[in-house]
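Naming follows writing order (A, B, C, D and E), and every chain is counted from residue 1.
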């Protein structure tokens, strides 16, 4: 204890559970590290722009105050916000930005870049150039942290152990211990000083986080707890703020491999599943209901305005249709086995062993398929599930699909050109959906900046998706934000927030923190 | 088995009663996912026992082979096997098993049992070796050897029957050890969650915040089952110990009580 | 039940002298030496000189007793006869032919002639197996009985060791028998192979006093009736005299004296033999003397040496009141007496009679 | 005829010379005994190192994939292809022959180089271990010793008067307590004492309001935070000692030297402690050495329940993140610590038992 | 006989000790009565399992569960005491005062009787200082040296651990230990069975010499009657938990009154007398769990007659000794109250 106030007019400390918290922290705040780092990198370093996932992923200015397209959508010129300072007092310059962006461009080991060139424009702007029209790719910049060139020119970005990070964010490193990292609020932050003097990241695990929340030692976390009982234990103070981040929990169907390469089987399974029941089970620990998903695979919470109204309602369970679909494809079910042409087509459901939630979903889907279609599905759990999924060695799998980064990005996950063959790893489109018409629509979307056109094309793609059933969307989901108002108030409303409260995203967390005020009394 | 007995499956999800306390429909209540705890407990018994059994059979077999061979063979074979045993004995067994199963990344109860057995046999080997060694130089073995009995027959017919007590005690100990180790590993996440064992139940209950949510019926039964199993084996061991060590029989409660009464009566009569 | 030892001890005493040496020995140890290597920590070893240049002959129908204090090498010699060790030097001969430890058929053949009766009847029978098992294995291994006559042979064996009624005993487990009965079973088992030689390593020392004579008398009877050659190892020189024709005295791995039993008892030559005789309880002596003063005489006569570092020469010299420099220098040669008695002692001129 | 010998009478004094030689010889055997134990421990160390090296190389799966999966899980989506490629570049196995890798590994170990952590790349594993080791040493050390003292003490007391009510209650009870899974007990303890009663903190090794270092608030908070973990380990491990010690005590009580001690009119406590207990404790000390390995397992589980920042937790994290270098290092260090503890226990045994023989 | 005229030191009357077990109890000492005078050596001989050790531990009140003394008195007269005390009635506290000062014990195997983890000196010192609180450590050490010298050991052997000494040395050390506090009564349970004859003789010689010097009485238990005849003043013969005969060594050897004594005598081949055929005793000792009715010896007795399997013979004087055999008491000898019997059997 005994920490002197850094900024006058601010009070106290907010305790935040570190996102994906490790039980002990690593004393390394290198933003380029490919492995575990200390918590809070994302409130120390900031990107040029951010997206508002509460509003369909619309881009919002951050360190860049505005941008303009030229060159047929190949070049974006971003104008930097004036008055931004690093925590060591140096102002942000275009040179820093160019250095930050160039680092990734020149150093594929750091994750690579989609743009092809960066250069400074005047004293307050940078131009980023792509090889082709990139209206839909500007969002890639929001993952790139802007660092101070002067400090980094002599560092090896991959291996440098940074114990004293310097960024433009509202908080700066103050004290490190393996169980707690304390950051001090900056008075000279461009977005205004936060209301709290300190932010303390507290190490916690899923096993004890709920207890820590209940005994008021944590003020905010994005974590998986029994939120229903948490809220019930003190409805006044205990808040559950779902951050609908565009994700949709779905059953992945391996489109690259029999039997799910056959659209009849995909349709049959989709019709056989009762998404409402699954959504209900999934929300049994939440104080609110996660809505059953739209058959388009887009989150109804994030993309309400983008989804074709006729697809806003979830797909109804329709056993007759499911059976008809199987029959149409020439399939029979004998003794629990799916057969075609006298050959048995075994079906396995791969689920990662360390995610009990997914495991439960899998069990429920299996149970429903058994009840409706009479097909036995083998559940195979294991630690290698994600490898198997990436390599296409599965029939059914479950995960959070889609994203809140805009309709293009969300649909682009099923882009056939990103699909890799069975056996080789896919980082995208791991359901291996290939549909020429769908891909064509996506290509058109990439080349337009016109929101209306985008929406129209999106609906075309949705129709194909619903018809072809590359996955079975189950329900819309998000990151569960849990707050305690004993010390801090001003949290976004649980219903229709303007922004998401989520420790996982820096810009969202900063936005949240800047809205907070000390609780009275 | 489970199906017919309880009309419940361990994995079936009852969406209408999630996190339900014990009732006539679900005798031990349901988990947060609406799975019947009793059904899980029953099928968990099977898997836990299977892991324990595999571990114990394998461990005991290795221990018997190594221990008896070392004890009977003597010489350099003995030295080598004893060295091997001591190596396994001094290494932190659970950590080793955990690391190994960390590499193999889980697996079903059989795999876990095999790993536990493979790396946890050393415990009883020393005792077996010592026994076999003392038996080897017992006069009855010498006498049978002088009749011209083959070594094999000496080992199997003359020596092994004397080790049955030790072996069965070891087997029991290994069994409980196996169940406990499996539970520990499951708690650490080294398991196949599509199967249900007691350890997996505890681990799921913990992940499901069972205690904090007041769902004692989910958390308590598997732990109690393990404790019960352990306790019963411990009690068997009490008996085994008394058989193998006759001096312990003097500590028999009823005898001590009678003796106290008798001597008290004597004192009283004397005082008069 | 057992005092049926016809012939009697007195009778034997008469015909024992002239026979000595007349017949070739069945089993003999010729100048055997046994050194054990004992391993200590860190690979250091030491040598236990358990037996030095011992020779002993066993003849048909005769009992040779081997006496000496604990650790003097008696068991070692018996085990050498039983081919449990390979002697460091010297050899064991069966009917003049050298034999060596082995396995399989050769060993079986040897053991069909030489059997051993152990000290502890509680330990020499497997507590898990019945009398039947023991006898059956013995008979079967050596092909001494077929399927049809095996039962008969077993009962016959029990009869020979006076375990009657035999049918009651055959299915008993060792713990249902008294020590004496167990020892009889052990003897029956040894007899089952039809041996010519029986090695008895203190066969009575673990038995109750009242039952010891029983076994001794049984052994005497076997010698007489079956013409067995017997090695009788004991601590108790009185029982040696009672049973054996010949007594050999060992001290710390060395054979110090031997000869006809009566000669050794009545006319001991070696100082150790005398010490042994004096120390042995003899009720007759005290009671006739009318007091127990003899005890005062042997208050302290030292202890036997450590065989890992034995004294040079005659190993008895540190305790011997007559010790000379010769004794410390070398082990004395054998002095023979016309009576058949011999002694290794510097007090007596070698090759001459005392 | 019998005269010469009986006359010699008082004869020879017992061999003083041989006695003189005996003492140094005894010392030497004790030292050689310890020496050979030390040799054995070195051997086990080598075996552990070798196992450590080869096991991961014999196992399926590769570290790069592990990190990619871990990242995918953390971020909710698989990292971009470029990142995947870079990770593979970073951690791909060098094409060196296995044996030269092995030699290299031994060489690095000899220099105290345990490699770099994968999950916290590029933090040296030694740093992680350095941070975690003291926690575990204190936790395991103190709880083991406390459990041993309580268990053996209780065993002595119940074994001194076997069959009495105290014995018939305590002995089975402590045995049963000993077979309840560590982590289950620990979870219960957390729930009861931390959540319901609020007497103890829920998790961690110290209060987040303190800064690690040699300052009073920190040290006080470590005590506060350590209480429950230590208590659970003690609770679930003392029972084994009770049973073993009690049986040894009962067995020892029927030894003649205990009878003789009573006959000597020594006070009861002296007979119990100096004659019976001291002898009855010897096997417990041997077992103590053996038990340390097992206790580490228990402590490992307990650390995880309490998120205690020790080696067990580190190992757990390393295994779940497939951080092979950390896994290897932690296992190696645990093994070394256990061996050291064994050696200490052995040495204590040598001090307590003058008979120290090769085969115990 | 040395002890003949001395006062009675120990008077055991009707001592009965049972071993409790789940399957009924075993009476290992049944109505045992005898006296020991100051300075006397009383030998107790009997086969294995006849209750000798039980008698010794009960005498010294050292019986451990499941053994329980269920009847009888042990009247012991410590030096200077006017009245004998009954050991059976004493509390452990009072007993502790008597222990080792007034009665000491030597057990069968010195290896087991000495604490393996304590040096000899420590085992001497603790008892010396327990019974003489004023004794300094230095004095205790000196006294230990003197005691060891008594049995022919050197003072430097006091610094050894038991396992460093040979069996004979250890046994002599335990005898020295027994003499540490000048006990009047030393009970010895087969102190020589584990050693060689030569050592046995040395030990017995030591005992006799020290007895002559220090005047303590000895109860000496063994199964070797021939040894007792040489050593003891009087001998008691035990069979199946009862004393069947008591008399002087001479009488027991030359005029055995009980057929069992006779048989026992005939179980030891003579060392120098002419060899005759000896037969020992047929049969085997009874199982005390299920002892034969009447005289326990009757199944093995060559002189048994009809009454033997129903009437329990009691000790009664026959010449100078006392014998419990119906041969000597006549067939009609049905004794009334037991208590009386023992009293006149001891014969004050």
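Keep this in mind: a residue touches a chain if its C-beta (ideal position, glycine included) is under 8 Å from a C-beta of that chain, and two chains touch if they have at least 3 such contacts.
Not measured: the values here are computed from a predicted model.
Steps from chain A to chain E, taking the shortest chain of touch contacts, total 2.
When you average the Cα atoms of each chain and compare centres, the chain farthest from chain C turns out to be A. Interface comparison, B-C against D-E: more C-beta pairs in contact at D-E. In terms of their C-alpha centroids, the spacing between chain B and chain E amounts to 49 Å. The mean-CA centres of chain A and chain B are about 46 angstrom from one another, to the nearest whole unit.
Spacing of chain B relative to chain D, judged by their CA centroids, is 21 angstrom. The set of chain E residues that touch two or more partner chains comprises 64-65, 152, 169. Counting partner chains per residue, chain D has residues 13-14, 61, 163, 190, 195, 254, 320 touching two or more of them. Within chain C, the positions touching two or more other chains are listed as 275, 277-278, 294, 297-301, 303. Those residues of chain E whose C-beta lies close enough to touch chain C in the complex are 47-48, 152, 166-169, 196-202, 204-209, 223-227, 229-231, 249-250, 253-254, 263-264, 266-285. Within the complex formed with chain C, the chain B residues making contact are 138-144, 146-149, 157-158, 161-162. By the touch rule above, chain A contacts chain B in their complex via residues 206-207, 210-211, 214, 225-226, 229, 277, 280-281, 284-285, 351, 353-354, 356, 359-360, 363-364, 367, 379-384. Within the complex formed with chain E, the residues of chain D that make contact are 13-14, 16, 19, 22, 26, 163, 253-257, 259-268, 270, 274-275, 278-279, 282, 352-355. If you check the complex, the residues on chain E that touch chain D are 57, 60, 62, 64-65, 92, 95-101, 104-105, 107-109, 112-118, 126-127, 130-131, 152-154, 156-157, 160-161, 163-164, 169, 174.
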